[in-house]
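Supplied in structure tokens, the structure appears directly below.
Chains: A, B, C, D, E, F and G, in written order; residue numbering restarts at 1 for each.
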Amino acid sequence: MIIAILSGFILAAIVPFFSPYLKKNASLIFPLLPLLLFGYFASFFPRIKNGDPVSMFYDWVPSFGVDLSFRLDGLSLLFVLMITGIGVLVFFYTFSYMKGHEYIDRFYAFLCMFMASMLGLVLSDNIITLFIFWELTSISSFFLIGFNNEEPASRKSALLALSITGLGGFFLLAGMILLGTVGGSYSIQELLSSSEAIKSNSLYGGIIFFLFIGAFTKSAQFPFHFWLPGAMKAPTPVSTYLHSATMVKAGIYLLARFSPVLGDTFWWNSTLVTVGAITMLYAAIHALFRLDLKGILAYSTISALGILVFLIGLGTDEALLAAGVFILVHALYKATLFLVAGIIDHETGTRDVTVLSGLGKVMLPVALAGILAALSNAGAPPFFGFVGKDLIYEATMQYGEWAVVLTGAAIVTNICLLFAGLLAGVKPFIGALPEKFGKVHLPSPLMWVPPLILASLGLVFGLFPSLIEQSLIQPLFSSISKSGTEIHLKLWHGFNLIFGLSMTTLILGTLLFWKLKPSKNLFQKAFRFEFLSPERLVGHFARGFSGFARIWTGFFQNGYLRNYVITILGFLTVLLAYRLYNGIGFQIKAEMFENVTLYEIIVLLIMAVSIVFTVFSTSRLVAVASLGVIGYSICLIFLFYSAPDLAMTQFSIDTLTVILFVLVIYNLPKYNTFSSTPIRIRDGILSVFFGLLIAVLTLEVLNEPLNRETSEFYAQNAYTLAKGKNVVNVILVDFRGFDTLGEISVLAIAALGVFSLLKLRLKSIEKE
Amino acid sequence: MEILLIIIIGLLYAAGIYMMLRRSMVKLIIGLILLGNGANMLIFLLGRIVKGKPPIIESTAKMFTEIYADPIPQALILTAIVISFGLQSFAIILVKRAYKVAKTDDLDELNTTDEIYE
Amino acid sequence: MKTLIFKTASSYLLPLLILFSIFILLRGHYLPGGGFVGGLIASIAFVIHSFANGLEKTRTIIKFHPGFLIPVGLLIAIISGAAPLFLGQNFMTGLWMDDPIPVIGMVGTALFFDTGVYIVVIGITLTIIFTISETL
Amino acid sequence: MTEITIFILSSLGTLFILLAAIGVVKMPDLYLRISVTTKAATLGIGLILVAAAFYFNDSSITARVLAIILFMLLTAPVGAHMIGRASYFTGVKMWKKSILDDLEGQYDPKTHKLSSEDQKSLKKDSHNPEE
Amino acid sequence: MNLYDYLYYIILPILSISVLIIFIRFLIGPTLSDRVISLDLLLTTGIGIIAVYSIHTNQPTFLDIAMILALIAFLSTVAFAYYLEKRERND
Amino acid sequence: MNNPYIVLPIIFQLFTAILLMFFWLNVNAQRLISGIFSLISLGISIWLFSEIWQNGILISQAGGWQAPFGITFVADVFSATMVLLTSIAGFAVAIFSAGSIRNARLKFGYFPILHFLLMGLNGAFLTGDIFNLYVWFEIIIIASFVLITLGGEKSQIEGAIKYVTLNLLASAIFLTAIAILYGLVGSLNMADLSIQIAEVENRGLVNVTAILFLIGFGIKSAIFPLYFWLPASYHTPPPAISAIFAGLLTKVGVYALLRIFTLIFIPDEFLSNLLIGLAALTILSGGLGALLQVNMRKMFSYLIICHIGFLIAGLGMYTELALVGALFYLIHDIIVKTNLFLVAGLIFKLKGTLNIEKLGGFYRQFPKFSLLMAIPLFSLVGIPPLSGFWAKLYLIQAGYLSGQYVLIGFILLGSFITLWVIAKLWAEVFWKPDVSIPKKIGVKYFYEIKPLKRWAMVLPVILLGITSLYIGFFAEHIIVLSKHISADLMNPQNYIDAVLGAKPLTP
Amino acid sequence: MIKTRFLSNLLLSFIWVAITGAFSAENFIFGFMLSFILLWIISVNRSENKYFTRGPKIIYFIFFFLYELVKANIEVAYDVITPKHYMKPGIVKIPLTAKTDLEITLLANLISLTPGTLSLDVSDDRKVLYVHAMYVQDREQFILGIKNGFEKKLLEIIR
């Protein structure tokens, strides 16, 4: 199975190497992959039907409990078949749709990659692995949405989609790790057994919150839905495949998958129902005012996704069953409608519904597919959509005191969706054929056969629900519901309330289609409220965030070195002061005053005066000379306190530094006082305070006894073992010879640096 | 005596930092040198000071017979002094070069690399 | 600087100071001094000479670019440090001749190491100062 | 005997140094300061060093002391000459009560030639040596 | 009073006071040359202090430092003189 | 166990540098020597790593002096890993430099200094002595100073002024900290310090010293609010140079922090919280900065800061798990950041600019390059299962276990911003149609270069790309390694025993 | 030429012995070898010879110099410690009899070393030495003092 899952990646990975060969007809090998996979997964039907899920396990990163463990059960099977099945059709469709495109191979590679990611997502039993595939779907989606990358709008939409789903992805990651941490395992099967413990954990709220954000962003729930209409910039096969049939359902899959683990709690249900309801209504109403075919379909997709979330949120057996069935229903008709829209776009060059009409005359099979899909969408008997709609109403009707409200919401949504379906699937084909479409003709069968197959399936499953009832829907239901109930799919329930509701929906929807003619005017009126839309709000937020970034960065990285220094030192000072204040007793020992002699006082006095003189001197040369005095004074201190080697070195180095300064000084700027007095006072206070801190610290350290073990060792062994009597030199060349090696390396590098700084002048032709 | 050295060390640190906070490049370098001197003095003092007993074994002896100054801080300072010398020479030349290419001593004018749209 | 007095004095100072620097280098293991200070004094000798006679004159005396001394000195230092590695001993382990040599005292890798330091210091100081003088 | 020698030598040496110190503060112009100090100090230091040589009474130390003195005798006047000459050419003024200046106008700031003949016609710019 | 105390309590303080006096000239300048010569004198006096200190502590090794100091003092004087001339020429 | 040869990674680099200096003006010989010797050095590092992986901690008492009296070099798994990574990055950059650095710079010691830098890095990773660490740090910074200014262009110099000043400030603080440490316990050997510091009664002083080390290394690691030098300078030198900087220089600061704060100063609550707070703000600052940039290298520079925050977060939480995350990230980051800057270099050589608003059309013009460049870009983002991803798992889990929810938020925010920035970059540079950029004088374009040199520029990117893919797909190996290191760090007794050996403990 | 170098070599060897302070044959030989190598390396070209070969005259000269030094020092000391200045300073041009570099340099240095006088510079044609003096009562007298004093005695021992 792992090969099946990863085959898409493998194929995608080898594409770049055979790129030249795959541009033409040879690209027909791509559709073979989903075909093979479809066959492969379909072969599991009997096992799944018998309630015997298929499991695989491959080790990957056992340290973190991440493995390639896959599990094919009812839920995954439905998704797998959708992914590969619709995949086959979309891949074939693509061949014709993208024919002659320069980068068709690349396009297929991304599609394969996406397909593999999606398969991995729905088959993973390990939640981290699931997350990995989840992210890969986002990335492949990014590349696919941005496929027409030379158009700014495509790039923008791809970025937007990636931002939203990526953001959701990070939430999901947080949620998954939290879930794994709380549940003690990253395996879904194992988590199932600790479901109750997880639900009672105080972090449960966090888990579902993160999970929801992940699911909502991916499945375009309000208020994260707005990336999806933008994603319609992608070529139609992508819209069909990713943004209606499969990827956007990943969030639904996730909710369904975790429903047995995390579901059936107040927060789970109420959040999902609320968000689902808002989304389905909001998007459904929005769909009314779209003019662009794909725009209509995008909003109706969002709305359908809302319905699914809503149903999973209801959480009852009926609702879960309805959700399961509706996933399939929606996939079939929505994919069809997208493919149809794609054909229309491809052949007429427009997707504007106000313009499109009468195309049925020139492309009958396409019209047939569109109409069949629209009818399934409408929930007209005997289509599969009718079965689905019934189940939805059944679910809402049984939801106690909220039944009326929920059912009402469902009806309104369905009416609007029905309208949208008719607008997209029927409107372009009926009425008179405008003159400009005179030359429009039926495309290659590779394009119109796939939608027709899908649309027909909507009819077939409606007529013969038993085809899939036990083989597909029952296992699906069992894997998302804990109850273990037997389910029955029926087209005909009799004339009951639910049938009445369905009919009402159908009639009102058709009436609406009859009366409401989409127009630019209406479109513009509807858009008056756009400023309140989440998209705008996110836009404001993004601008605000970017402004914040600008302020923050401008504040810290302001270009002024002195500000950097003062920030660093200020920070250090505060920390030091805090820790000193909290941890140190202050005492001065009497012996620190002892043994002070006049010559020392004078040397130190000269040094102190020179320091001040250096700081306040107005001439750089005087400052340098005065720096020399400081150095020489230090030298005398070294000498007084038994460090002849140091004194020698300090003398020499100090003089060399002075010489260096003197040699370069007329190439150095004259001394300038740039800072204002208040700044100087501020700096002065900080400096003095810092100096004080260091002094206090020094004092404190001097009060501690010093362990002299090491120096004792040197004293004992310098001559006997290291054959030297000047212990300092012995340390330098022997005990700590590596320091000296480093030291001369520093000097060597510095010399090379000085050499290059002074000598290297890049000619204008050899800069980079 | 220690107490006086402590004051001097504090003074060196304070002066070094004050100079580093100036906008003039030459002052910046001088600040760094002062700071380096301060750090060296600090090592020296914290290694504890002993008067007039260099850590040199007498020509007739094989090891120390009486108290002597700790040689380790001295070796450390020696290394540190030399290293600072290398760094300081580089820094001085860098300032010279900077003055040549930027024609200013004012560090505030050397901020183009921090501009966002660069 | 073209002053006769300084020029003359410097040509006497040069050998004197170099001699002194070698003295400082050799006795470093026993008394204050060593490769570093020794190297500095030697370079000061050349610096003084270059001040008095001009860079070109000093250059001709040294005969090669002082920068060349840097890798030479480093090589001496690293070889004397690494020699023990070939005997399976730790880097920088002192290898000493059995008996002291007159004047110099004990001869061992540490002394070679210090000589390396001496040469590097001359190399770098002269490279820095000469380069600066050249580009004034 | 040694003690007394040391006593005398060090006292004299210190005295000369003190004189140099006072001289460097008191003298009215740079050239006078150089004149007074370089030599007084050299003499003073020489004496103190000799005192040290007496104190340690060791041939190698005596040799070293002589080396230092030799060295100072070699360098101190050269240093004085150089700084004096450079100061003059950069325009450091002589004391106003100075009675004569043979060097005036002898130096050509363009060609940096110092002439032995009178060149009064060449007027030297005066500079402020301090920034 | 023995020699030891004499050096320590009379000679060394006088030398130190001389240093202080010389330092005054360093501070007041007024020309760079004045500062240079007082720096030179400071160093020379330093040699004296070192010599006395080496007697006081009975450490002849300090005399070696005096030797280096003599050398160094000359160099910085030369450097400043060099600078003064160069500046003259470059101006 | 004593093994004299563990210092070879240091000595060999020094030897290479010396050898290169003898070929001062012969640039082709330098290219060859640098490449071959870097390869040998890589071999040495692999030997060292396998030796330590099999035999445990190896030490070398330099000069044969028993610790704590001499300088001890310690190669534990952490050090060996860092040395190995340094060699990989060093090899890549040496080869890249052979192709991309112009002769003018090569004639002024570019290669010797590069190898000096590598020597300093190896030294810093291997030393077991705090002052010796200071020395290696100084070698690193001076070498980096020279490299960053090599060429002396105006922007280089401007950046360098800040770089130099703040790094020197860091050194001064570091030195101050060492002074206090020595004054407190009289030792410099890190293992010995570990024992002795624990016995110091005046904890206040120990805490203060820890702060000094934190700031000193913090500046070098570019954490908030000490990072200013980095965005000011990293984009100014030739790309090969910023690549080695990006990969290793800040990381050596982080290495030091990890070492010091697990061996010598065990963070108390205050320090731990402080680190966590700084980590969060580091992530934020780096991320916010990266959002605004249009210069690719500046963008990456800010991302370096952002990701340093991840490392500090791991240290701040101070659990074995958190350290696993930090270490994994460290390993990943060294490879990927080096590669990113090499990629930037390649882009520059192709187009003559790094301004993402001006760039475009890579996807169309250079499809193979695009694929190659996608590897580091998306690894950086941590698109699973690429290398950046795994470390975050550990960091987040560690965050939950130590209740650092806000920190997790910042880690995710940082990841998100990285994602966004890279996606935007991708859209601009790779997707956007090519705008013709006027040919820049002074740039030797990729297509003008001899094929051998072109390969020298592409090969390192491939090599590092493969390495990062390896890290991602064989994450288990890296996790086992990180866990090993993390366990070592949390239980330093092995380290101490290895260094001090049979030496009786100080009374 | 060879002789010059040999002399220099010998001189340096003596100095080596002096600074190392080890008066032994071995040390002298070592010093000789060292200075030989040194001179070979730096090969300073010397045109002067015959110097320091006139032992007694040198010793006489040294005492003469010390006398002058102390005498002049006391003279100046008086001026320094008394508040009033008795000086009549000025720069005097002194024509030179000394010819070679060494002669001129030694003379100039000796003049500088005695208090109250300071050699400022030698003219480019080496004909005159400009000396700054504290007490120039009479210009000609002063010039004569120098020429008959230091210069004469110095040239005696050098030539």
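Some observations on this one:
FYI, a residue touches a chain if its C-beta (ideal position, glycine included) is under 8 Å from a C-beta of that chain, and two chains touch if they have at least 3 such contacts.
Molecules present, by chain and UniProt name: A, B, C, E, F, G = Cation:proton antiporter; D = Sodium:proton antiporter.
All of these numbers come straight from a predicted model, not from anything done at the bench.
The chains in contact with subunit E and with subunit F alike are A, B, C.
Centroid analysis (C-alpha atoms only) places G farthest from subunit A. Of all chains displayed, F has the C-alpha centre closest to the centre of the whole protein C-alpha set. Should one ask which of D-E and C-E has more C-beta pairs in contact, the pair is D-E.
For the pair subunit B and subunit C, the distance between C-alpha centroids works out to 24 Å.
Note on chain placement: the centre of subunit C and the centre of subunit G lie 30 Å apart, centres being C-alpha means.
Residue positions of subunit B touching 2 or more other chains: 20, 25, 28, 38, 42, 45-48, 51-54, 56, 59, 72, 76, 78-79, 82-83, 86-87, 89-90, 93-95, 97, 107, 110-114, 116. Each of the following residues of subunit C touches two or more other chains: 1-3, 5-6, 9, 16, 20, 30-33, 36-37, 41, 44, 47, 67, 70, 74, 78, 81, 91-92, 94, 124, 128, 132, 136. Multi-chain contact residues, meaning those touching two or more other chains, occur in subunit F at positions 14, 62-63, 131, 135, 138, 142, 145-146, 149, 152-153, 161-162, 165, 169, 176, 180, 183, 186, 188, 231-232, 292.
For subunit E in complex with subunit A, the residues that touch the partner chain are 12-13, 15-17, 19-20, 23, 26-27, 29, 32, 35-36, 39, 42-43, 46, 49-50, 53, 59, 61-62, 64-65, 68-69, 72, 75-76, 79-80, 82-83, 86-87, 90.
Across the complex, subunit C meets subunit B through its residues 30-32, 36, 124, 128, 132.
Residue ranges on subunit D touching subunit C, taken from their complex, read 71, 74-75, 78, 81-82, 85, 112.
Remark: subunit C residues 2-5, 7-9, 11, 14-16, 18-20, 22-23, 27, 61-63, 102-104 touch subunit G in the complex. Subunit G contributes residues 15, 17-23, 69-70, 72-73, 76-77, 80-81, 85, 87-93, 108-125, 127-128, 130, 132, 134, 136, 139 to its touches with subunit D in the complex.
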